[in-house]
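The structure is given below, and queries will be raised subsequently.
Which chain is which? They are A, B, C and D, in the order written, and residues in each are numbered from 1.
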Amino acid sequence: MKQPDLATEIDMSGRMTIALEEIEACREFVVLIPEVRTNMVFAQPHAKTPDEVMAIDGRITKVNGMPRAAGKVRFGASSHMARLIIELMKTDPSVRAGIDFANSAGFSDWLSDYCIQQGWVYAMIDRRTEPAELMIAEGSSMQWKAQEAVRVAGGSVPKIICDAGGMGKEPVCIIVGKEPIGIVRDVCVIARAHSRRF
Amino acid sequence: MKQPDLATEIDMSGRMTIALEEIEACREFVVLIPEVRTNMVFAQPHAKTPDEVMAIDGRITKVNGMPRAAGKVRFGASSHMARLIIELMKTDPSVRAGIDFANSAGFSDWLSDYCIQQGWVYAMIDRRTEPAELMIAEGSSMQWKAQEAVRVAGGSVPKIICDAGGMGKEPVCIIVGKEPIGIVRDVCVIARAHSRRF
Amino acid sequence: MKQPDLATEIDMSGRMTIALEEIEACREFVVLIPEVRTNMVFAQPHAKTPDEVMAIDGRITKVNGMPRAAGKVRFGASSHMARLIIELMKTDPSVRAGIDFANSAGFSDWLSDYCIQQGWVYAMIDRRTEPAELMIAEGSSMQWKAQEAVRVAGGSVPKIICDAGGMGKEPVCIIVGKEPIGIVRDVCVIARAHSRRF
Amino acid sequence: MKQPDLATEIDMSGRMTIALEEIEACREFVVLIPEVRTNMVFAQPHAKTPDEVMAIDGRITKVNGMPRAAGKVRFGASSHMARLIIELMKTDPSVRAGIDFANSAGFSDWLSDYCIQQGWVYAMIDRRTEPAELMIAEGSSMQWKAQEAVRVAGGSVPKIICDAGGMGKEPVCIIVGKEPIGIVRDVCVIARAHSRRF
């Protein structure tokens, strides 16, 4: 693991702390927390391994009807989401942050329309097209998912990636960006717009 | 919701608190925490609805390499696991507690053998046989799962119930019993035996 | 340390958990949390040492404008309050629980009147009468305080004990009783009556 | 309250988060946590009121034998320490951070010697010289304490300020500096040196 310099660590820690406060204060996000819970990641520049990526230890869950981090922000607290971001950074090194959320029945159709309105690039990927040998190799799934998302988006990293789940895999969406405060604000905008649908 | 009397509430609260301390101290349990996280439930006698069932708010997740409750023990903090226990109580009202854990690839074969050694009744259910209309109706899935487990076990409530997952559903196992301290001790015995496999 | 039997531990754990929930929900108690913070203790029957007394690890502090336990309920988490209860139990073995709170300027006069209305035995002790050699010996202070309270109350354990502080010692009051749920309900009644004074 | 701009908030939040992690990892600091608990403050530039000062909600207490924040870092979470820093900033606007710790019997003599070795400016103030009318006026005490420390140090802000307590007031020391990571590192150095005394 490459240690970030203190200035980078202060910037990353500050942004993750503020982003976490904002998501914990976004009541409408609760219905978008998947069964597998939400994680939020922020990679240091040029991160190559999950221990160079900050995340929420124990993920973000629902407590007392509000989003709540189970543990603290720390390097190495994510494996799946961290690997996805690291793979996306190979296409666009400026995309260092991501947060995932539930893709319940009917949600991705609404979200796809919403993204068009907002001018956000949206990619839907189909995990059924994932080669079986990748599913077995630990970590390869996330690599495939990132590459497939870039392929579907025409060669660049899309802002939002959704999948429809698979055998034993809950369907989820991910929003990515340069740093966590911005994506948390966007995902809370999505959560509020979605809550007003009804 | 029927309020329990103070003596029942003290007994339930004390048992859940002690059981939670024991599971949080069982390092080997970490690898058995599923992606959807673990919950532990304890129903008041004759419970009919989830708000008459104590559970862990935010479920039990993994923090700092150890199992950790995200929130507190409170009535109404579970819906899936609570409904499963309520349904099992229709067959055996003494079975008031349960905790769920991961059923990763190959695990259930080992667990099935282990249960035979211990003399524990084990039931494997196949969610692919679940009628499609039940999957859609909120809550019906757990009702079906409980009934199927009792059917597979020959009419009584088995100690351990596993399923192999399904589309968008992670495979999990559940251990049930009269109260939570006993089942937590059993599940930690399972976790330790499983960790020594390698 | 003498281990309590499981039934006693369940009873103690259940009562402490419920008492803690109630004090954490009592908003008016916040102004009665002293600078040294509040602790709540519950001794197992015939406790002789602090590790046979349950208390709140890290004490109860003020977070987000509400009382909040810093850590968990566990045996051995108090030294001062635990020793006070152990000493009081020599006079009355049924008095196993206590919680302390601030004695700010003017408060003890009001509290003394309030106790008369409620028919509660109240004892004010003067730490300036504490022999200097006891202040130095670790733990002797609490022993003296308990004995002085019993003396002032005429030979039995009073329900409420206040002192006026001393050099380097913040003034505090303590309410004691058979078990923690009862004393927490009483101290919240006091906090609410006190908040209506203004 | 003046809102800091986002860059300042990220910097402050990042430094407070890292400083808090470091103090929570400093086992030797536990014996320096006073009965009134420790707080750590970080004022935004030109702060005039406590709600422009970040602090630890509920202070830092001792849990499981280690220092532990009771709540989160947030603006407005301190009143005493915040007012002290605001007053010191009138003499030196670059001194924006502080953390307090216990001044137990004999400690300040050792600390005074230790500060000489380190070349740190140390000021001992005597609260018995505080005018009685200030003690009564809410907040005036901290103002007096800051001014007295600057006076004792010969007109500039000393690095370390100790007092010997007073009636109802526990003796404490405070270390101040430009930002919290540096002062936490210094206070942990003090705690470790102090622990090796024996």
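Observations on the structure shown:
The rule is short, and it goes like this: contacts are C-beta pairs under 8 Å (C-beta built on N, C-alpha and C of every residue); 3 or more make two chains touch, one makes a residue touch a chain.
Given the structure is predicted, the values throughout are model-derived calculations rather than measurements.
Two chain pairs, A-B and A-D, are weighed by contacting C-beta pairs, with A-B ahead. Comparing B-C with the candidates A-D, C-D or A-B, the pair whose contacts agree for more than half of the residue-numbered pairs is A-D. Measuring from the averaged C-alpha position of chain B to that of chain D gives a distance of 48 Å. Remark: chain A and chain B have CA centroids separated by 29 Å (rounded to whole angstrom).
Inter-chain centre distance (chain A to chain D, centres taken as mean C-alpha positions): 39 Å.
Looking at the complex, you find that chain B touches chain A at residues 35-37, 57-59, 61-64, 68, 70-71, 165-171. Remark: chain D residues 6, 9-15, 17-18, 21, 72-73, 181 touch chain A in the complex.
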